[in-house]
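See structure below.
Chain lettering (A, B, C, D, E and F) follows the sequence in which the chains are written, and residue indices restart at 1 in each chain.
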Amino acid sequence: MRIHLITPIVTEGIRTLDDVAPLQSADLTITQSLIATGPVSIECEFDEAMSVPGIVAEAIAAEGSGADALIIDCMGDPGLKAAREVVSIPVLGPSEVSMHLAAMLGHRFSVVTVLDSVVPMIENLAKVYGTSAKLASVRVINIPVLELEASPEKLTQALASASLAAVEEDGAHAIVLGCTGFLGCATAIETALKAKGYDLPVIDPIPATVCVAAGIVRAGLTHSKRTYAHPRSKDLKGYPAINI
Amino acid sequence: MRIHLITPIVTEGIRTLDDVAPLQSADLTITQSLIATGPVSIECEFDEAMSVPGIVAEAIAAEGSGADALIIDCMGDPGLKAAREVVSIPVLGPSEVSMHLAAMLGHRFSVVTVLDSVVPMIENLAKVYGTSAKLASVRVINIPVLELEASPEKLTQALASASLAAVEEDGAHAIVLGCTGFLGCATAIETALKAKGYDLPVIDPIPATVCVAAGIVRAGLTHSKRTYAHPRSKDLKGYPAINI
Amino acid sequence: MRIHLITPIVTEGIRTLDDVAPLQSADLTITQSLIATGPVSIECEFDEAMSVPGIVAEAIAAEGSGADALIIDCMGDPGLKAAREVVSIPVLGPSEVSMHLAAMLGHRFSVVTVLDSVVPMIENLAKVYGTSAKLASVRVINIPVLELEASPEKLTQALASASLAAVEEDGAHAIVLGCTGFLGCATAIETALKAKGYDLPVIDPIPATVCVAAGIVRAGLTHSKRTYAHPRSKDLKGYPAINI
Amino acid sequence: MRIHLITPIVTEGIRTLDDVAPLQSADLTITQSLIATGPVSIECEFDEAMSVPGIVAEAIAAEGSGADALIIDCMGDPGLKAAREVVSIPVLGPSEVSMHLAAMLGHRFSVVTVLDSVVPMIENLAKVYGTSAKLASVRVINIPVLELEASPEKLTQALASASLAAVEEDGAHAIVLGCTGFLGCATAIETALKAKGYDLPVIDPIPATVCVAAGIVRAGLTHSKRTYAHPRSKDLKGYPAINI
Amino acid sequence: MRIHLITPIVTEGIRTLDDVAPLQSADLTITQSLIATGPVSIECEFDEAMSVPGIVAEAIAAEGSGADALIIDCMGDPGLKAAREVVSIPVLGPSEVSMHLAAMLGHRFSVVTVLDSVVPMIENLAKVYGTSAKLASVRVINIPVLELEASPEKLTQALASASLAAVEEDGAHAIVLGCTGFLGCATAIETALKAKGYDLPVIDPIPATVCVAAGIVRAGLTHSKRTYAHPRSKDLKGYPAINI
Amino acid sequence: MRIHLITPIVTEGIRTLDDVAPLQSADLTITQSLIATGPVSIECEFDEAMSVPGIVAEAIAAEGSGADALIIDCMGDPGLKAAREVVSIPVLGPSEVSMHLAAMLGHRFSVVTVLDSVVPMIENLAKVYGTSAKLASVRVINIPVLELEASPEKLTQALASASLAAVEEDGAHAIVLGCTGFLGCATAIETALKAKGYDLPVIDPIPATVCVAAGIVRAGLTHSKRTYAHPRSKDLKGYPAINI
């Protein structure tokens, strides 16, 4: 089985598969690609919109090259619905998967993310995904995506602090890391919360989504073509890279 | 005052401003443009996604040339949020405006639209816009967008029939026409419903949105920059026409 | 076009049309009347109930004298539904219009109003209007209606302070002024919030409702007679001024 | 204990206490009054609004004469909130009580009422009372209130037929009679449903509300003065009968 | 009429009927039993689950001995649904009854209970009962059930303090005592809140439920057998005390 | 990795692991046990309640013998919350997992189950799990659990027919098989729906839950101990097999 990760930015070097590599096994390979056109990071609706044509192109290519499932590597789940229309293999968004996982594992969950500008995006996703009833809050650490790597320690502290506030003030019983750039931070936050007396899961979206995606492939499931019918055949101007 | 209509398709000739022209007056001018890149019609998530970069480009241009408000001429409201981030003048989506208007004018409303493939899109918009509690149903006439003009009579009959079913079976107290390609059909449907004993408003989205947009401009209002902050300055690859 | 404002109190002198006068134009006249029977101010359910027969009488009279639309000048929207039943021209409540406008302009909004006693009234209106999903909070300034004019400066400060709390503590992205007696205060509050770094719309309900009402008239719309059927003809005791 | 029933119409003779009389006992007396001003029957928002000043006057009088609780004898619960503000003894609406009782006794319930014009009123009450999540449907028999007594047999058949449809098509597990003019019909409907194989409670609102009201008095409870504070003292014009 | 109270624990001596005894009258007798198998106190889902077989056995026995209604003496309402399936007389849960009563008496209510571990249980009950829309919050005093009797003064103070926070911070307009072990504390809390300027009802679940249960019996109502059909006849292993 | 399936009935022979056996692999073993005390099949709340002590005993034993995750083999998810309190390894209910999976794969889903008596149970689970907003309907085939094996062909036809009705009348875009006794039927139903022109996923709960459970274990996740704290240590009467 091969799961392909589409990282929906054009910036090379900031996404590493090292943390998901341990999830590879005899029967699971993980591959990855950036998009050819789009933003350097995703922090608002505009960034998302500009990433979608590139995501669709990568999705078509990945299905064509034999991938068994696709994951869009951003917590805004950009292009999730459009990509599902153009391919038949499962396409998963880490935001949708992580919120549903969190809903299953605890009474209520909070999402801890980067900036104020993405809060409405995540709350709107929850409304569409049907997870609002379990969403306690969305909290931010006020660090832009491209500065996340500057100080891993500062990042972990900010995430732990926001997670603690989510538990104590908002009633969170589980935490979803709200940016795929937080990859690898979950254990440190779980430990920090446990030190305060709170024993709860912190979901690292990309590893969690890889595991669920593998399960969906093994169960022989994919998204509904009743919801995501293949687009009707007609002209498209200005996107020579996209042939559906 | 000038209101600019962005018709988010590349097909020339199917959108006429004749029906909104009567709404022009001494102090209101209406202008319009197509998009330069994108689909020939919008009937699914993929079509929408492909239209957004073109919409954003038109929005920036229209604000630059002095428009006082923008309307996106499609009931999927594609690019509404991205466009609001990049301009300061009010940007309105006919779906959002029509659903809120319908919510104000009657106990519950139905949307009558083209194809099954857009039903989830409209229901999801209702969830995000907060109008789900007033939405009785979304019904379809099963005619693709580019065939709407083939037989105006057949179109009107199909719309009247679906609207009648919405009233009698779903409890609709108002109807929203669910495709901006239905422009000009509202009166005929109102008449057909009245002939069956049902006196209720049928909202023609583009004229209604023009009137509300003019009101918003006169009231000195625009969308919240707390929700739609201008994107942070950073590189964007592959969209030379877009400079924000 | 003539829009008639029904101020649902018996107190002369506290309502001035000066702030909406600028909205008048070559094709828009605004008129106004008090009610003949009812309370001196509206601050609770009892006050509202006592104002409704007077409102209904004014609505019938205004339609009779040729008004094109009616606005009830109170954020409790008293008599809105009863008035819609007895007249055919559009009747608008500033609470319903402002809440839907705010829902369109921002991710979530708060209402800032006079006293604790009206909070349940506004929250219940939101439930009936379908705007609860977008309502962040209702906050009060604890100044009774008839004392609002005593100190304009104190009023503006109280409103700015409550609005700031709504933004910072409740996540409001837009503000609705929750009493029509706050007319004219919106700009000062917007400025005060901007000084704190928050750029968001503050809706002044009467000017905003006048603008939307004009749009509804221009669009040829009115409320659904499926929801608001004319009352069946039958006797009514004790209200000689009301003949429907 | 004395429970006073306020029948909010001016028509003499159509309301009899015979069916609730059996509920009287050594420690429970039931009294009743019509209102002095208002409609001959309640079938729309206008009728309701016109009944409220009369209801408030009766509520004040009944508390003054020593009643222990008040019930408003109409399924629109007109004046419920205003009356609660002006008196301290419990005031109950049969719609609120019956819907909550039905919510407790079955998975979901339907309300069966007179005319289309009251359906939005009842659905809106459900939204305000918090019972929407348990309300399966509101169905009508299309018989005006003043014609209910014309043919008891026709009435019972119409109610049984609408109740059966509510069970089979809407999934009702309990029925609330949606007009206090249906008093005494519950047993016949229960029997008719049982004959079809459906064993479920049919709530007759006035007897049920009398029983719950007696329980509330015995438990020493009344409505919250935090929600229903006594109106601030100020002038009221045109209602000499009302002194609060 | 006889109402039987099933106290779903095996601990003798901590439940007294003294506080409900005053509710007995010429036509109302109250009886009580513990369960034969189960926990010593109920503070989590496991405790609840272990109490249910014992509750079912007591319910069958009580109906067999002629009780007119049953009340399960725990705010988790354990076994409520199972017991309703096996008997025909009304079975009431104090949590369901108290939450619906509170919903009727005030705009919003809070539940004040023992420990964090029961908060999800009560919030989930509210979701199932349809009372979530009226539930402001669930607050805890952090005292285990079996220590409640250790210091009545400390208990009352803790309850008053949590109730005050519910009013001031969560907007509660009514309080529901969230553990039947708090029996008898309501008046002291009402008094403490009144001393702070807040006049609102505090519902003592067992007395309130006894009063409502008596009303339901007098009204001739019981739970819907459409929701709670008698179990199909089949073998059951390991519960010799239960014969349905 | 070993996943243990607890089949919460005492009837031997009707549950086979043959259909999940293909999901076993080099790194995944599946084991199974019945419960020692409880019902012969689960079709109502009473059956569920009687199965829970047995489930808890099996859960403790399975964790003790080294299982990595537990699945409760019934679509009522009996004992899910109690079992999570007493063990630390992930405990999954097929109803919770399948509903969340269906919510991820399509716009809306329906559950097709055995009997009317379980419909409220499944709808209530959806309310607690937060999946109500995505649940189109629950439909039944009216075949008791112990008769499912009598005629596989009749079963498949009944399921296909109910699923088709869910798609055409309720708007389902995905189907969840609502009884774990339907194991192995999913493909036939998918095929039947595809023959009617509907291409959508049919979720077979046990295989799907095994796959997701394996993913959860691989991702290092388990349920929140903030929601499911271990029960406080205290006596328990009548259940010698349970030591926590």
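Following the convention adopted for this analysis, contacts are C-beta pairs under 8 Å (C-beta built on N, C-alpha and C of every residue); 3 or more make two chains touch, one makes a residue touch a chain.
Not measured: the values here are computed from a predicted model.
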item	value
When chain A is superposed on chain F by its C-alpha atoms, the rotation angle in degrees, nearest 5	180
Identity of the chain that, by mean CA position, is farthest from chain F	C
Remotest chain, chain E as reference, centres from CA atoms	B
For chain C paired with chain F, centre-to-centre distance based on mean C-alpha positions, whole Å	52
Distance from chain E to chain D - Cα centre to Cα centre, in angstrom	27
Separation of mean Cα positions, chain E and chain A [Å, integer]	43
Chain D residues counted as touching two or more neighbouring chains	107, 120, 124, 127, 133, 173, 227
List of chain E residues in touch with chain F within their complex	10, 36-41, 43-50, 52-54, 56, 79, 81-82, 84-86, 116-117, 120, 124, 127-128, 144, 146, 227-229, 231-232, 234-239, 242, 244
Residue ranges of chain F touching chain A (in the complex, touch as defined)	23, 25-27, 92, 96-97, 100-101, 103-107, 129-134, 167, 173-174, 198-201, 203-204, 207-208, 210-216, 218-219, 221-227
